[in-house]
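Look at the two complexes coming up: chain A is in both, with chain B in one and chain C in the other.
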Partner chain A sequence: MSASLLDPPPHISPQTALYLSQQAPHILKSSPTSSLPWPLSLLFTSETPETWAVHENLLLSCLRTGDDKSARLCLDRMIARFGDDNERMMALKGMYEEATAVDKAGLEKVLKEYEKILAADPTNMAVRKRRIALLRSMSRPADAIAGLVELVDSSPTDAEAWAELSDLYVSQNMHAQAIFSLEEVLLITPNAWNVHARMGELLYLSATASASGATLKGITESMRRFCRSIELCDDYLRGYYGLKLTTQRLLSLLSTHPKPSHATTDPTVGDLAAPSIVTVQKLHELATTKLAEIIRRGSSKEAGWSGYDQAELIAARELLDRDAQKIER
Partner chain B sequence: MTLLSTSLNALGLLLLTHAVYSAHEHTTLTPTSPSTTSLSAKLPFDITLELLSSVLLICIGVVLASPDLKPIQWSKWAGKLEREGRKEVREGEIQEGNPYLQLEVRKGFLDIREKRKEFADWVRKGATSLS
Partner chain C sequence: MAQPVVQTIHRDPALFYWILLPITVVMILTGILRHYAMILLQSAPKKQILPQIRQQRSLMRGINLRTNANVLSPSSFQMRKAYMVSAYHEGKFLADPDARGKPRPNPMSDPAMMEGMMGMMKGNVAMMVPQTLIMGWINAFFSGFVIMKLPFPLTPQFKSMLQSGVGTRDLDVRWVSSLSWYFLTLFGLQPVYNFILGSNNSASQVTQQMSQMNPGAGMMGPEQDPDKLFLSEAENLEVIEHRWILEGVEDRLLAKLAL
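== the complex of A and B ==
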């Protein structure tokens, strides 16, 4: 398992978390800071910048696996090193209290604590984010959204906050607002291929949920987003999956509506015209061949193709099989 | 490839050393009095040839030994990351996955209670499947 505490993978599975937190005794055995007085402590310390990154990641995985004692030890060490009033330490301490709170009253107490910190210093971003995360975790999404809107209002270039806001809106089925928030993310990180794919997925969801008139427009837009994500990233499984899904849907839609209402680009609104059926057909073929190639090479773990997620490969194969069955019938 | 480049480099270095040594010998052994013509003081052609060829060999060896070039086009680079995923290239050196994944994981908004529940469920599931 290639997971190190210094640089853990972004998605931590329970197995990985367990593996990481089992390294706690080894790391906590020796103290990184020296107990000698000041000038000597500089010479006789084993502390490196990585030490604290390791401690922070260890704290997170110990909290996840319920090893609260090791987590407390990590936290105490970091607080002793960086002080009680460090913004990051305040957020980590709050997270520890959230995790160890036993009932709702305990969580309310943590929330009160956050609000007290924020009243003293409203610019404490780490704690503001923790407060929103806690509100969401306590199933109070409306309050979380209100807090986040305030946060992005004061810090509009925070891509992480916009992405969280979009996710919260999706959980409340507010697709238009979610798409707007994701557009803001794309303004900040225009090359993020996974955000383009996410946008395509949201547009697809909202188009399938909306009335029939707007479906064609929504699916077309979604297809364009998936195309952009593929343009930014070769062999992007998620992008090709979305492209195949949207073009399939568009083909059936375009065949039932042979004449789209607006055949040309509308200059006043800036809407692009619906694509011609030939273009969609070609894109569909491209997506099918690329998906087949990715599945073939990805599942046989060819050299340089082993990075795909197994679940994603299985889902893509299912999509292809469903399509093949339809042709046979 | 490594064997080829190492042997080329070794051969090149050997030839280079030899050529430099020969040139040194030549200058010490030829009399440098003004009476001799400049023609005899000139370095023999074979030493020059040996020197140039050794430098060429070393150049080829060094180029062959260099690691693969990294993709400089965005889509190729991103495609490489997607295909290969996160992995350890060498001991202690990890090739990063998609750097924008952070926008979907969002560490600052980590819901620790949810993750704890997920882990507890995983443990319980493992315990029931074992028994």
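== the complex of A and C ==
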């Protein structure tokens, strides 16, 4: 529980969120802005940029844990400081209203509000994203996708938007579009190992769903994506999990197609040939040993190995167990 | 060889309290004042309209594609390249497609451009006015004083730097005149401002002048024609050599984590 409000982890577990929001009374007790008149207030204020980062994160945590009163207080303070027409404040205010809306009609009202803001100022990216998030949570994915496509058209360097778009496409089973969007994310952040791994997952999904001719190619690329993600981040559990899964699949595929290496190569586009069965075998062994090591060390919380998500560790163990059973049989 | 005669000048200690100290304090205070004046004078950056944002970010997208092309598979790279190049050639991303091919308007007639120039003017004025005033003040009150002696010897080249306003040929270089002290503080107070105001201050003129050397140095300065930028980016995209990063990644990985 070393999470701080200033720099919270990207994925906040429920316990952490609760812990963070419980700091609300302590933070809200002291006012950051001084109540003295203007020239004196400059001298006696304790305000720093960090103050407002803390307030924003506190607001988010409070909304999540249902402490709406503290959230309102945070919001009021930030609005008093930055004004009603600040883009970020508009988005945060909308978020508060979304969280406190009791029924669908309330959400519709918030949505109308967003559309009004956007009509007045179409460059307000924060509110635009809120609108899309709201559409998604109201289970209107088609509208959300339309909004996102419009957003990435006017702002194609927004990795967050592309990633969200890819996620939405996956939820609609549109794998080709999802992969395209994720490739855009990779173009913006070429060394993001999690995006590489996610790409591998998508390729695996689409390959298993597609016809048998494209399966081998898809799985091969998926495996290479996982390799890349491990290359970028040592001991990346998700990467090894995917690597094991794909190599297992590849082994069975390659054994049924004895001579695949030249058939799938298309020299015009220069796509890569399928790897040799020996390499895949080796990679499979590597993934298995590495996964076993990560599970052993991660669940015994050895120093330097404690960062793994419990659920992911359990899933990885389950994968290994499944493998072991197959051998026994 | 006899030692050169050490010059001794008996200075009134009041010189220290009434000249050296006031000049230093005044210089520091003007720097701080200038910093806050600049903050006040700064106009908020003008909001871009959506087509302009689109134009700029589309160019960024092309650059991203060019620099990070190796994360893509050859087929998807070719597809993207073909799309971007044709879109660039057609001017699909231009904020103002009608202005394509026309010469740039005179910057003086463009109100947005004028605003930028006004901003620069303001900075210049905020820099020049106090400098002139203080220079005049120093000249009127404190010129011709020798106010301190440096504790280390110097070569005669420093004479013009350290003894401006004191027209004596034989005075040792180590003596510093009041006017020179002014110049020294003018150029040498940056660390003091950094200490007082934080590192990103606009108190010193020297940094001011530096930043004015390249006004509007940005990705897409107002002076550049976006269409030209797009065309040159299209050309860059055409010629890059694509190599897929996933090529041989499994062998690299195996070699790295040798089993």
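Keep in mind that, in the parts below, the second predicted complex is superposed on the first by the 324 of 329 C-alpha atoms of A that agree within 3 Å, B and C clash if a C-alpha of one lies under 4 Å from a C-alpha of the other, contacts with A are read in each partner's own complex, and residues count from 1 in each chain.
We adopt the following convention: contacts are C-beta pairs under 8 Å (C-beta built on N, C-alpha and C of every residue); 3 or more make two chains touch, one makes a residue touch a chain.
Predicted model, so just to flag it, every value in this text is computed and none were measured.
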Task: Three-chain arrangement built on chain A, chain B and chain C clash or fit - done: fit
Task: Partner chain in contact with A:190 - chain B first, chain C second, else both or neither - done: second
Open item on the list: Tell me the contact category for A:285 with respect to chain B and chain C: first, second, both or neither.
Closed with: second
TODO: Could you look at A:11 and tell me whether it touches chain B, chain C, both or neither (first, second, both, neither)?
DONE: first
- [ ] May I ask you to decide whether A:93 touches chain B, chain C, both, or neither, giving the answer as first, second, both or neither?
- [x] neither
TODO: Could you say whether A:228 touches chain B, chain C, both of them, or neither, answering first, second, both or neither?
DONE: second
Open item on the list: Quick check on the superposed pair: does A:123 touch chain B, chain C, both, or neither? Answer first, second, both or neither.
Closed with: second
- [ ] Determine, under the contact definition given at the top, whether A:132 touches first (chain B), second (chain C), both, or neither.
- [x] first
TODO: With the two complexes superposed on chain A, say which partner A:77 touches: chain B (first), chain C (second), both, or neither.
DONE: neither
Task: Chain touching more of chain A, residue-wise (chain B, chain C) - done: B
Task: Minimum distance between Cα atoms of chain B and chain C in the superposition (Å) - done: 11
TODO: Could you give the residue numbers on chain A that contact chain B in one complex and chain C in the other?
DONE: 231
Open item on the list: Using the touch definition from the top, list the residues of chain B that touch chain A in their complex.
Closed with: 74-76, 78-88, 92, 94, 97-98, 100-116, 118-120, 122-123
Task: Of all residues in chain A, those that touch chain B in their complex - done: 2, 4, 7, 9-11, 14, 17-18, 60, 63-66, 95, 98-99, 125-126, 129-130, 132-133, 136-137, 159-161, 163-164, 167, 185, 189, 191-195, 198, 231-237, 298, 304-308
Task: Complex contact set, residues of chain A against chain C - done: 122-123, 153-158, 180, 183, 186-188, 190, 196, 221, 223-225, 227-228, 230-231, 269-272, 275, 279-280, 282-283, 285-286, 289-290
TODO: Would you pull the chain C residues touching chain A in the complex into a rising list?
DONE: 47-51, 53-54, 57-58, 60-61, 64-65, 68-76, 78, 244-247, 249-254, 256-257, 259
